[in-house]
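In this document, chain identifiers A, B, C and D correspond to the written order of the chains, with residue numbering beginning at 1 in each.
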Amino acid sequence: MIEFIFILPLATGLTALALPATLGRILLLLTALLHIQLTVMSWLGKLTPTFPSYFSASPEGLLILMVTSFIFVCISIYSFSYMKETEMENKPIFICCMLLFLGTMSMVTLSDHPIVLWIAIEATTLVSAPLIFIHRSKEALEATWKYVLICSVGIALALLGYFFVTLAMDLGNINAPMTFTSLNTVALELDPLWLKVGFIFVVIGFGTKMGLAPMHTWLPDAHSQAPSPASALLSGALLNCAFLGIYKTHVLMSVAGLGDFSGNILIGFGLVSMLVGAIFIIGQPDYKRMLAYSSIKNMGIIAFGVGIGGFALYGAFLHIIHHSLLKSSLFLSAGNILLGFGTKQVQRIGGIIRHLPKTFVSFFAGFIGISGLPPFGMFISEVIIIFGAFQKHRYICVALFLLALTLVGAGICRIFMSMSYGEATDRLQIEEKALRLLPSYALLFASVALCVWMPDIVYTIILDSIKIIGGTTHG
Amino acid sequence: MINVTESILVITLLSVLLSLGSTRLIALVKIMALQGIMVSLTPLFLRGDDSLGSGAIIFFQIMILIKGLLIPSLLYMAVKKIAIKREIEPIIGYHASILVGLVILIISVFITSHLRLSLPAGHDMVLITAITTMAAGFFLMMARSKAITQVIGYLMLENGIYLIGTALTKHSHTLYVVEFGVLLDLLVGVMIMGIILHNINSAFDDADTTLLRRLKD
Amino acid sequence: MDTFVFSLTVLLAGGLFALLAFRQFSLMKAGYIALTVSGSLIGLYAIKVPLVDGTLVTFSITWLHLFTLSFRLDSLSAFFLIPIFAVCPLAVFYSFHYMDNAAQRGRVAVNYFFLTLLIISMALVATADNVISFALVWELMSLSSFFLVMHDYQKKTTRRAGYIYFIFSHVGAMFIFAAFALAYSYTGTFDFLSFADIPGNIKIIVFFLALVGFGSKAGIFPLHMWLPHAHPAAPSNISAIMSGVMIKMGIYGIFRLYANLGVTDLIFGEAVLTLGIISGILGVVYALGKHDLKKLLAYHSVENIGIILIGTGIGMIGIASENMVMASFGFAGGLLHVLNHSIFKSLLFFGAGAVLQKTGVRHIDQLGGLMKRMPTTGKTFLIGSVSISGLPPFNGFVSEFLIYYGAFHGLTLGGSSFIFTMLAILSLAIIGGLAAACFSKVVGVVFLGEPRTEKAAGAFEPGFTMTLPMILLAATCVVIGVFPEPFVLAAFQGLKSIKTLHLVDVNEVAMIVGNLAFAARLFLGVFVFSVLIRKFFYFKKEITEGATWGCGFTQPTTKMQYTGTSYAISIVDFFRPFVHIRTNYSGISRIFPGRTTYNTRVDDIAETALMDRIVSPVLYLLAKLRWIQHGHIQLYIGYIIVTIIVLLLFI
Amino acid sequence: METYITLALAIVTAPLFPGIILKVKAFFAGKQGPPLFIKYFTVMKLLRKGSVYSTSTSFVFKLGPTVSFTTALIVLLFFPFAGSMPLFSFHGDVIVLFYIMGIGRFFTVIAALDTASPFEGMGAAREVFFSTIAEVTIFTILILFYRLNGSLSFGEYFTGETHISPMNASGALLLFVIVALFMVLLTENSRVPVDDPATHLELTMIHEVMILDHSGPDLALIELGSFYKLFFYSAFITHIICPFTFASGAVNGLIFFAILTCIYIAIGLTESIMARFKMDLVPQFILTSFALVFFAAILTMGVLQ
């Protein structure tokens, strides 16, 4: 009954609407803990799908499910304290939407049927929209509107893409159930032309959601306006789910022998996203937007790695894990800073090292991590992607990749340095609290731990996710 | 039977052109209701009687209900509550819009004839309608400044995509549960959009996208 | 390797101890120093065997299922480990009195922790045996040194320095990764040893990519820009380590890569030599033009890296033309200069730190007369200055002599090699002369004459933990100068790791070095003789004291002393096309002129060029591109449509 | 034995030759001039005196004269006067010697800076500037010599089988060297037209202004050092003009001193007929010498291949 993983948060989420906020907070925490337990059980193979034609436990899905679940536990702890200290008009709705968000995301990771996957991803948009405008400021409303409209339009295109895939099935006279698992077995018989068209629409559709440039336009707005726990969830978990949609389709393409085509498209999107990230990170006046653009850049890295394939594919999967951990940690730290200083303007914040020393540690460590420096795992994932790209002799691509990394590094460093060390103009308003620090520490620690020691089960599950399209851990 | 299908499609096309040219929000909502019903009916007539099971009949009824009634009424409520000025306020003018619609139509025909798909008879027309509807949906989203017209544009896009799905696939592997999920998403999506529109309206005193330009770099 | 690992463990224990015990300030410092010094001594003991016998010691562990982190201690590594294990404990010892602000004890503890991390990662860089382990420890080294630079983060210049340093490290690392990855794409393994199997033309690309990366760490002109910012910003004991030891890791990278690639083409030597010449000459010219004591020393690091590279380039040309005398002595000189520079540069930074701590002034034109007030600092600084100017009988000359010796033996070559060798010799001569000019300026203006400001007049000798390392280092300078044999032989031993190099006979080396040592001892002998003569003539003579002869001017003030700026300006002006001098003169007007000002500053052309030619246009372009995110939702949807159309065209 | 005799002669007679310069100058000025042994008298007088030290100075000030004297003396020990074997010699000694001269200069300069006098600082600045360029000329000459006979020591240059001689193949290049070296000699020993020790204006001086504050035996050491230095450079040029390979040591010695005297006279002539350069022309002057030898060194590429 693997479906229970997403039914549970959906159910508790709806329950939370009826509960007072204090109880709701506890429910949130309980659900998160229960959810991670279920996830662990599913990793151990204890849960089997009841509706195998819609849901299945694919390795890549389980991986992202675990990441999502872990991040959600940390974020729910953070929210516990966060909700106390912010004036939120409608806390039950917030809790409800957080839980529904978790539910829909879990559904994404488990779904095997393309249209079900589509439904789940569209659902994540809808349930996360209230999270963004929970504060009901004008900017938040604008961000939500852009988020909902652009994502809906984009995802609608993904549906069109899947229709083309079905057309490809029809033209190939295939009579198999329409699940990714079964499609992969008959992929070679699919009509290549319409499969390509389908892939283009899917990649644009889910790419919109994943934040690939130039469809990324909603992302910085939404991430900067959402309350920090929601931003952390959006960046750390939601983007991965959209990626999952693309990845599964890419796998289908590769099995159908069109891996070069889809890979090149992904590389292109990856590079454009990285460059767009670089353009906006340099001189970015708003640190939450900066983090958002950094997510775009990292999604670009992931797309790039997947597009390159082989060794880089392994790197891309590592990158997903570490980006989620580090970025959500950073958003949580940024939340502390936002609470502390009451502004998102980089210019007006300074000397975090003095005013919020403990947040400084997590914030700056996050920066070190996101810049791809050891001991954080992103170092190793970026190195692997670079090596993988060289291995495939994609020299021009990798040159652009390195250029973008450099630009982003330069831009991001300037902002973090001035915020952490520079002179402050605004007075500190709210002190840091242990409950709001532990989660970001835990996330950072997870990234370090995975860089020092990779558990066998994680290693095998990544290998299982990538081996079907020739991802390896060797040259 | 083919005549019925074609006439349905012609009505759909007409509704597209009308929506491009209409000046009033209420009229636009009504056109959408019509289009929704027409789009929902298309597969019924396209397919013939033999493959219609009982599940399909229930599904199509629900679909007509949602697309033809529920969503338009939601939109109607939204217009009533939100829009103080009921004019559409185009970025690109009405006449030009209609011209664009015609161009879109020509391109659709062109594309369809160049695809050289071995489609069952009559599906060509569906494809033309679908592409036109989709493109017009995009056009509405881009060429109108009222937020609510963008919702309508989105709905048109959905309709177009649905038509493509209908036209291109044999439906042998479509599961109605799944289709229903899609439909539900659409409904909830429109509801959420409505809620946001309401909030935007109370925050900005108007639900116009020209006001939504604060977030930029 | 066990001893080596053990020494690193002891060092790490020291770092952790500092973090844990930071509340007891003095205890923390004492404990940390004890652990670090003992760890370093163990480390020195550990490298003795590979350095003497040339035996290899290795260890490796599997990492993340994918990689093997393997480390190998051969003679070349061992040689580069000498400065790490010799200079770092002295710098740590020095910090006891240097970092004496108990209010900042937490920060000092963090500083110690990252210092430990830096030492360990440098030791591991010098022993890393495959691409991944090298990349990992290299980045750790950059990171820990970044935090050390940021110690005084309140100052704006420090933040700027940290920023520049971070970016240069980042970019450098990218190039190194690219080089390694390119190599990997042809060999398929991460092993350094497999680099020899790469096709020849790819080797060239690999080498030059890595050269950019290593060069930015080492401070090769024009990638040196972070040095003059980071060294002044960091605390002096850190500057000593960074300048004396850490930048040598870039040199190590070049050596190691060259050895592993096993190349014998002429282009490597010529390129390295050219870079060395440029760095050497411009480094010292800018040093002359700078009057911030630590910034000046930082430019001297650029200069000395230039000398090292000249030696290395001579060695490479020697290998390419199979002139093994030239190759052996060029490489040996370069390698020995690594050690020598680490000694006198850390000595000089210690001295500068002492001056800075006791006067609070960094601009040399505000100092003066410190020789009487800080005699130990002054004398050791003098020895350091003579050494860095490459004058006999001190250690700097020994390595320069070896380079000269190698270079002269390359003069028999024909064609371009001759021209390059000749340029190498001439630039060494120029560098030597200018370095002497620069350090006569520093010693003369800072330590001699009369104090120019109150602050300089009130200086006094720092605590013993600061003077003792200086005395030790100064003594080492003399010892290497007068007894160079074991050190030169150690350098030759270190070169055994370069397989393409067939070293000249040890006896020949011993003879040449013996001659050199003889000359140094002869100099000392004649010097003692002259001193005795002088004593003889001054025996029972009348010695009186008076004011300096003012050439008829009767009321001299300390402000009338020649300043460092005026001392150097004519030389700097000589190099004008490569140096940007900006003069600001308010002029004199009216019959009774008011207050006039005159100041000159020397701008680094590499920095101005980078800012004007690259950074500003890029920023401008990016600012233009920022239009993409304009906030119009209609156009955002347009982007999607355009993307669809573009992609559909690809089918 | 020859070695010791020539070395002793060199050490003893070095102060004699500047007297010749003075005589030549006096002759051109139509004066009688000081006696030939004037420099001996000066040194003796100075050695008898005590000293006055500035209150600003430290031990560095006293170190300066001693070190500069030491360096000048050491150089003589390595030089093969009149073609006799030098006292000490090894492959590579020229590099060491020119660097040892460098350390002498270094200490002279910082001794000057130790006085806190504005004039001495000015002299020091000029000294380091000009001598740096002169050093480049010297090293180019060494390069050229290495190309000619593959040796790196004075002993090898002027004694033995493959000595340097204008009579050898490509000996014509040595003409460049002689001219250049003469120019270096004028620079390094602060003669007109580079420097004018006899002027009354400290502002225009280079070397002389640096030693303004020295007195007594210290000044004597400086003077002696400068005599040795001048002697060394003159002997260097002498050997290039004429390789002393005659059988008899006495003949060698005679010819050596004869040519040496000519060089001193040439210096005197130069001083008499030329005026001092403007200070900013001096670098050009030294660079000219560099250009000459550099040209010669490049020519060896064509000649020797």
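Basically, a residue touches a chain if its C-beta (ideal position, glycine included) is under 8 Å from a C-beta of that chain, and two chains touch if they have at least 3 such contacts.
The model shown is predicted, which means the values in this text are computed figures rather than measured ones.
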Item to check | Contact distance in steps, from chain B to chain C | outcome: 1
Item to check | Remotest chain, chain C as reference, centres from CA atoms | outcome: B
Checklist outcome for this item: The larger set of C-beta contacts, choosing between C-D and A-B, lies at C-D
Checklist outcome for this item: Expressed in whole Å, how far the mean CA point of chain A lies from that of chain B is 31
Next on the checklist: Nearest whole angstrom, what separates the Cα centre of chain A from the Cα centre of chain D?
Outcome noted: 77
Checklist entry - Approximately how many whole Å separate the CA-defined centres of chain C and chain D? => result 36
Checklist entry - Between chain B and chain D, what's the gap in Å when you average each chain's C-alpha atoms? => result 99
Next on the checklist: Give the residues of chain A touching no fewer than two other chains, as numbers and ranges.
Outcome noted: 145-146, 149, 153, 157, 220, 280
Checklist entry - Of all residues in chain B, which are in touch with two or more distinct other chains? => result 138, 141, 150, 209, 212-215, 217
Checklist entry - On chain C, where are the residues touching two or more other chains? => result 626, 628-629, 633, 637
Checklist entry - So which chains end up touching which? => result A-B, A-C, B-C, C-D
Next on the checklist: For a test of understanding, state which residues of chain A touch chain B in their complex under the given definition.
Outcome noted: 53-54, 113, 115-116, 118-119, 122-123, 125-126, 129-130, 133, 136-139, 141-146, 148-149, 152-153, 156-157, 159-160, 163-164, 166-167, 169-170, 175-178, 220-221, 224-225, 280, 284, 289
Checklist entry - In their shared complex, at which residues does chain B touch chain C? => result 91, 138, 141-143, 145, 150, 209, 212-217
Checklist outcome for this item: Within the complex, chain A is touched by chain B residues 134, 138, 141, 147, 150-151, 154, 157-158, 161, 164-165, 168-170, 172-175, 178-179, 181-182, 184-185, 188-189, 192-193, 195-197, 199-200, 203-204, 209, 211-215, 217
Checklist outcome for this item: Within the complex, chain A is touched by chain C residues 64-66, 132, 135-136, 139-140, 142-143, 150, 153-154, 159, 162-163, 166-167, 170-171, 174, 177-178, 180-182, 184-185, 188-189, 618-619, 622-623, 625-626, 628-629, 633, 636-637, 639-640, 642-644, 647-648, 650-651
Checklist entry - Considering the complex alone, what residue numbers of chain A touch chain C? => result 145-146, 149-150, 153-154, 157, 193, 196-197, 200-201, 203-204, 208, 214-215, 217-218, 220, 261, 265, 276, 278-280, 282-283, 314, 353, 368, 371, 373-375, 379-380, 383-384, 386-387, 389-393, 398, 402, 405-407, 409-410, 413-414, 417-418, 421-422, 451, 453-454, 456, 459, 473, 475
